[in-house]
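Below are structures written as structure tokens.
Heads up, the next two complexes both have chain A, just with different partners, chain B and then chain C.
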Partner chain A sequence: MNPADNNSVCSAKIDASCRVPLLALFGGAALWLVLGLVFAIIASLTFHQPEILAHCPFLTYGHAAAIANDLLVYGFAIPAALGVMLWIFARLSQAELVLPIVPVAAAHFWHLGVLVGVGAVLTGHSSGYTWLEFPRASAMLLGVAFVLVAVSAVATFGQRQERELYPSHWFLLAALLWFPWIYSTANLFLVTTCPVRGVAQPVINWWFSNNLIFVWLALVGLGVAFYFLPKIVGQPLKSRFYALFAFWTLIVFGTWVGIPAGAPVPAWLPAISSVASLLLVIPLTAVAVILCRTLCGAKVASLGGTYCYMRAGSFLFLLSGLMLCVTGCPQISRVVEFTWFGQAQVQLQILGFAALILIGAIYDILPRVMGTELPFKKFVNAQFYLSLLGVALFVIPLAVAGVKQGRAGYDPAAAKLWLMISTTGLLFLLLGALLLLVNIFAMTLKWKLGLVKMVYAAVTAPLETKEVKS
Partner chain B sequence: MSLQQINRASGAALGFIIAIVLFVAVALVAKLSIHPPGLDAGRAAARSQALAEISAVEEKSLETAAVIDNQRGIVRLPIETAMQLAAQQWANPSAARADLKARAEKAVAPVKAVSFE
Partner chain C sequence: MKNGFGVFFAVVLALGASWVGLVVAPVVQLGTAKQATVLVTGETWPVQRTGEATLGAQVYCANGCVACHTAQIRQEGATFEIVLTKPGKNPVAVTNLLAGLKLSGLSKDEADAAAEKIKDAGGVTASYVHPFGADITRGWGVRQSVAADYLYDYPVQLGNLRVGPDLANIGGRMADANWQLAHLYAPAAYVKNSAMPSYKFLFEVRKLGATPSPDALNNLPKEFAPADGYEVVPRPEAKQLVAYLLSLRADVPLYEAPFTPNSKP
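Right, the complex of A and B next:
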């Protein structure tokens, strides 16, 4: 057996060790993504078709919008990211996944936590804090599940063959530590029987929201992109030092952002936040340089495959980061703060950047771990174009609506037409998400049928005569 | 998996768990070390102080003797003393009635203007 065969056998073993955990994480994530987009459409419809579902108290805007956001982040982005991270750590370590049963159990805990949280918000038991709507019981389940998956990922990382760390390692390990830190801190200070009081509440909530949506998703998305892009284009990331610089500047400046300039808090808080927003230009420039130098001259067919997802996702991260940067500018923030512009940036970060990169990674990983082709290969390209169109039709109208609203003195009528267009964007995104769901579920079904057939064949196989004792 | 790999894997997992426990512990210490006064603590203290002042004034008026209006002959007596005096006086009802009438007239009579010249 030559080294190449040995390597491919090893990779096949590594992929097989990730199969069940990844199916549990990705299957649930795809389902929550579809449901999240359905709730997002319901929430969006309330602005121009308020009579639809008006008789249903469970589906008021307050419920639907909160559930949509939570499902997109806690339901889809985090479990999908955890699955991708498990696989990347196993591959980079050239070792099989450690304790594979733990992430399987954790995935079920996670999805149960999301289900409990959604039920609580639907029945009006939301905590009332943005991005922390799930009640304590649900938050406990999510926290424990995350740590369990992370333990498996870190243990796999610990037994790596090569001791050198790659840029993906830095970003993904930081993400594994980041979420438990921010989530436990925010829940301990806000979602308890005795929360902190007064002005500290919104400040902690803004800190958490920004760290979850901007910093955590950026760590995960860039970590995944920095793994896949060099592999696809067939050249190393250029350069490691730029990546190190981007990593530290993102962590140093990104954590301070999030407090609106006009927030009714001590003036130094929004001032620091605005300065940090402007300083985000530094990590964004570093990421842009890395992408340009790595991708320029790459001879890869751009036909909607994983490469396209990664490239488009990375570009949308730069765009989302720039939108966050400009809100730090007082002249601009005076117009756009507390308008739809902020939502446009958040949704671009989730559905444009994180979702595209994670879906691209899922489409690349799934055939490897299952050892078979995707059931509907054409869906990959179709979903890419649907998602791109959906993001454009969803985010651009929201941003325009925000600017118009800000210029018209927060007149809600100024945004109505643009909100209607953004609902169309959500429909395209939902269509794309359905394609992902169909692919994953068809693949899971095929695998389970294969297992059943194998067990049936083993049970019904005739015994060899030499094994029969008279 | 070799022993070295097992050691490295368990070491990394243990390190991660310790880091998470430290995060949570720091957040817990920060949370528990902050003891802001209750939302209604100041208001409750002011109300109980006012109640104590009112009670003290009422207790004083019920338990002590004092001259209220010297010219009209109005005095304040402790309840016990007043009850004993009333019981003694009303042993002779006609005299008590006459005394009551005289005191009532004195109490409502116009007060003589005091001249400082």
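Right, the complex of A and C next:
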């Protein structure tokens, strides 16, 4: 056996070790993505006809919009990211996943936590903080589940053959440390029986929201993209130094963003945040340079599939980062504060950047860990174009609506037409998400049937004569 | 970075700094805040909510009202106005002086200089503060919201999107509880092109008994009124929510947000 064969056998073993945890994480994530988009559509129906769900106490706009956001981040993005991270750590370490049973259990805890949280918000038991609507019981389940997956990921990281770290390692390890820190802080200070007083609450809430939606998703998305892009284009990330620079500036500046200008808090807080958001132009430039230098001149065999997802996702990150960056400018923030513009940026970050990269990674990883082809291979490119169209039709109208609304002094009529257009974007996104769900569930079903057949065959197989005692 | 400890160190340094700056420092600075003192009257602020309004805050939170309503007034600045309160011993000189002076729309320094001149001529003046800004022009508030306004709130729901109007001072500008109840039941009947869904589930439509309920909404426009022989009665949640809305006020002058009540520039 030559070394290459040995390597591929080894890769197959590593992939197989990730199979069950990844199925548990991705399957739930795909389901929550579909449900999250359904809730987003329900919420946006209110713009077409405010009375449409007025009789239903469960589906007020406030409930549906909060659940949609929570499902997209806690339901889809985080478990999908955890699954992709586990696999990347195993692959980079050239080692099988350590303690695979732990992330399997954690995936179930996680999805249970999301279910409990959604039930609580639907029945009016939201905590009332943005991105922290889930009540205490649910937050505890999510926290424990995340730590369990992180333990398995870090243990696998410890098994690595090469001691030197890859740029992906920095981003993904930082993400593993980042979330438990911000999530526990936010929950312990806010969603407890003795919360902090007064406006310290929204300050912590803003800190958490930005560190989750901007920094955490950026760490995960870039970490994953910096793993796949060089592999697909067949040349190393250019360069390691730029990546290190982008990593440091992203976490050092990014973490201070989020306190809106003019908020009723001591003036030094929004001042720091505004400066930090303007400084984001530095990591964004570094990422742009890395992408250009790594991708330009690369001869890529296939211009479809994962490569498209990764490339589009990374460029949408630059756009979303730029949208956040310009709000640090007082002339702009005065127009767009409290408008749909901010929502457009958040949705671009989640559905454009993070979701594209994660879905691209899932489509690459799934066939490997299952050891079979995707049941519906054509869905991969179909979903890519649907998602891209969906993001454009969702985010651009929202941003335009934001500017119009800001200029018209928050007159709801000014933004109405654009909000109605944004619903079509959600429909395309939903269609794309359904393709992912069908692919994952068909694959899981096939695998489970295979298992049943195997067991059945083993049970019904005639015993070999030599084992029968006479 | 050569190993995992490098990454750990980077995260602790970066996130630790913002954790100290944006979590610990605000808790230290704001967590010990006490009631503020209202300028001129010397009363304490904010006023503790009634039990019903506190329950209403929970209804507000449970229904996710914060998704569409902010509760924070922004202010771009303030102008000063000098008003003569006593002409003093030499009214002619003061009158002549006043004719040549700009008295409203002044900055703090200009106002001080003008007041000084009038004082030198023997007049006694008062200075009025007029906050300005888009929110104030819109009539949503009389001054900016400040940290002291939210001292008793849990959760503090500042909001970040204005699909509907700001509610920081709704109790000051729409103090009619009946209007608030009727508006919750049928927003479109009271606000043209309202984007707000009705909150019908906070009300009960029931058959008129021998005596009508004293709480029933009685002046709904025809197309929103219930059928003959029925009445719309607010459930306790609706009344609590309205009590909370009426408790939302930011209309007293504070040290950090001064203004002169009842004085239009």
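Quick note on the criterion: the second predicted complex is superposed on the first by the 466 of 470 C-alpha atoms of A that agree within 3 Å, B and C clash if a C-alpha of one lies under 4 Å from a C-alpha of the other, contacts with A are read in each partner's own complex, and residues count from 1 in each chain.
Quick note on the criterion: contacts are C-beta pairs under 8 Å (C-beta built on N, C-alpha and C of every residue); 3 or more make two chains touch, one makes a residue touch a chain.
This structure is a prediction, so every number in the text was calculated from the model and none was measured.
**Student:** Fit or clash for chain B plus chain C once both are placed on chain A?
**Tutor:** Here chain B and chain C can both sit on chain A without a clash.
**Student:** Nearest 10 degrees is fine: what angle do the Cα centroids of chain B and chain C make about that of chain A?
**Tutor:** About 30 degrees, rounded to the nearest 10.
**Student:** For A:98, using the defined touch cut-off, is the partner it touches chain B, chain C, both, or neither? Pick first, second, both or neither.
**Tutor:** first
**Student:** Mind working out whether A:239 is in touch with chain B, chain C, both or neither, as first, second, both or neither?
**Tutor:** neither
**Student:** Go through the superposed model and pick first if A:381 touches only chain B, second if only chain C, both, or neither.
**Tutor:** The answer is neither, since A:381 touches no partner chain.
**Student:** For A:197, using the defined touch cut-off, is the partner it touches chain B, chain C, both, or neither? Pick first, second, both or neither.
**Tutor:** Once the two structures are laid over each other on A, A:197 reaches both partners.
**Student:** Of the partners chain B and chain C, which touch A:177 in the superposed model: first, second, both, neither?
**Tutor:** both
**Student:** After superposition on the shared chain, which partner residues are touched by A:157: those of chain B (first), chain C (second), both, or neither?
**Tutor:** Both partners, chain B and chain C.
**Student:** Now for A:260: first (chain B), second (chain C), both, or neither, which partner does it touch?
**Tutor:** second
**Student:** Would you check which partner chain A:125 touches, where first means chain B only, second means chain C only, and both and neither mean what they say?
**Tutor:** A:125 contacts chain C only, not chain B.
**Student:** What is the contact status of A:188 with respect to chain B (first) and chain C (second): first, second, both, or neither?
**Tutor:** first
**Student:** Does chain A have more residues touched by chain B or by chain C?
**Tutor:** Counting contacted residues of chain A, the larger count belongs to C.
**Student:** In whole Å, what is the nearest CA distance you get between chain B and chain C after the fit?
**Tutor:** Nearest C-alpha atoms of the two chains are 5 Å apart.
**Student:** Counting contacts the way the document defines them, which residues of chain A are shared by the two interfaces, the one with chain B and the one with chain C?
**Tutor:** 154, 157, 177, 181, 185, 189, 196-197
**Student:** What residues on chain A touch chain C, complex-wise?
**Tutor:** Residue positions touching the partner: 46-47, 50-57, 60-63, 65-66, 121, 124-130, 154, 157, 163-165, 169-170, 173-174, 177-178, 181-182, 185, 189-190, 195-204, 206-207, 211, 244, 247-248, 251-252, 255-256, 258-260, 262-266, 269, 272, 337-340, 342-343, 405, 409-410, 412-413, 416.
**Student:** Going by the contact rule set out above, which residues of chain C touch chain A in the complex?
**Tutor:** 1-4, 6-8, 10-11, 13-15, 17-19, 21-23, 26-27, 29-31, 33, 61-68, 70, 72, 74, 134, 138, 144-151, 153-165, 187-188, 193-201
**Student:** Applying the document's contact rule, which stretches of chain A touch chain B when the two form their complex?
**Tutor:** Residues 95-96, 98, 147, 150-152, 154-160, 176-177, 180-181, 184-185, 188-189, 192, 196-197 of chain A touch chain B in their complex.
**Student:** Looking at the complex, which residues from chain B come into contact with chain A?
**Tutor:** So the residues of chain B in touch with chain A come to 1, 5-6, 8-13, 15-17, 19-20, 23-24, 27-28, 31, 34, 36, 39.
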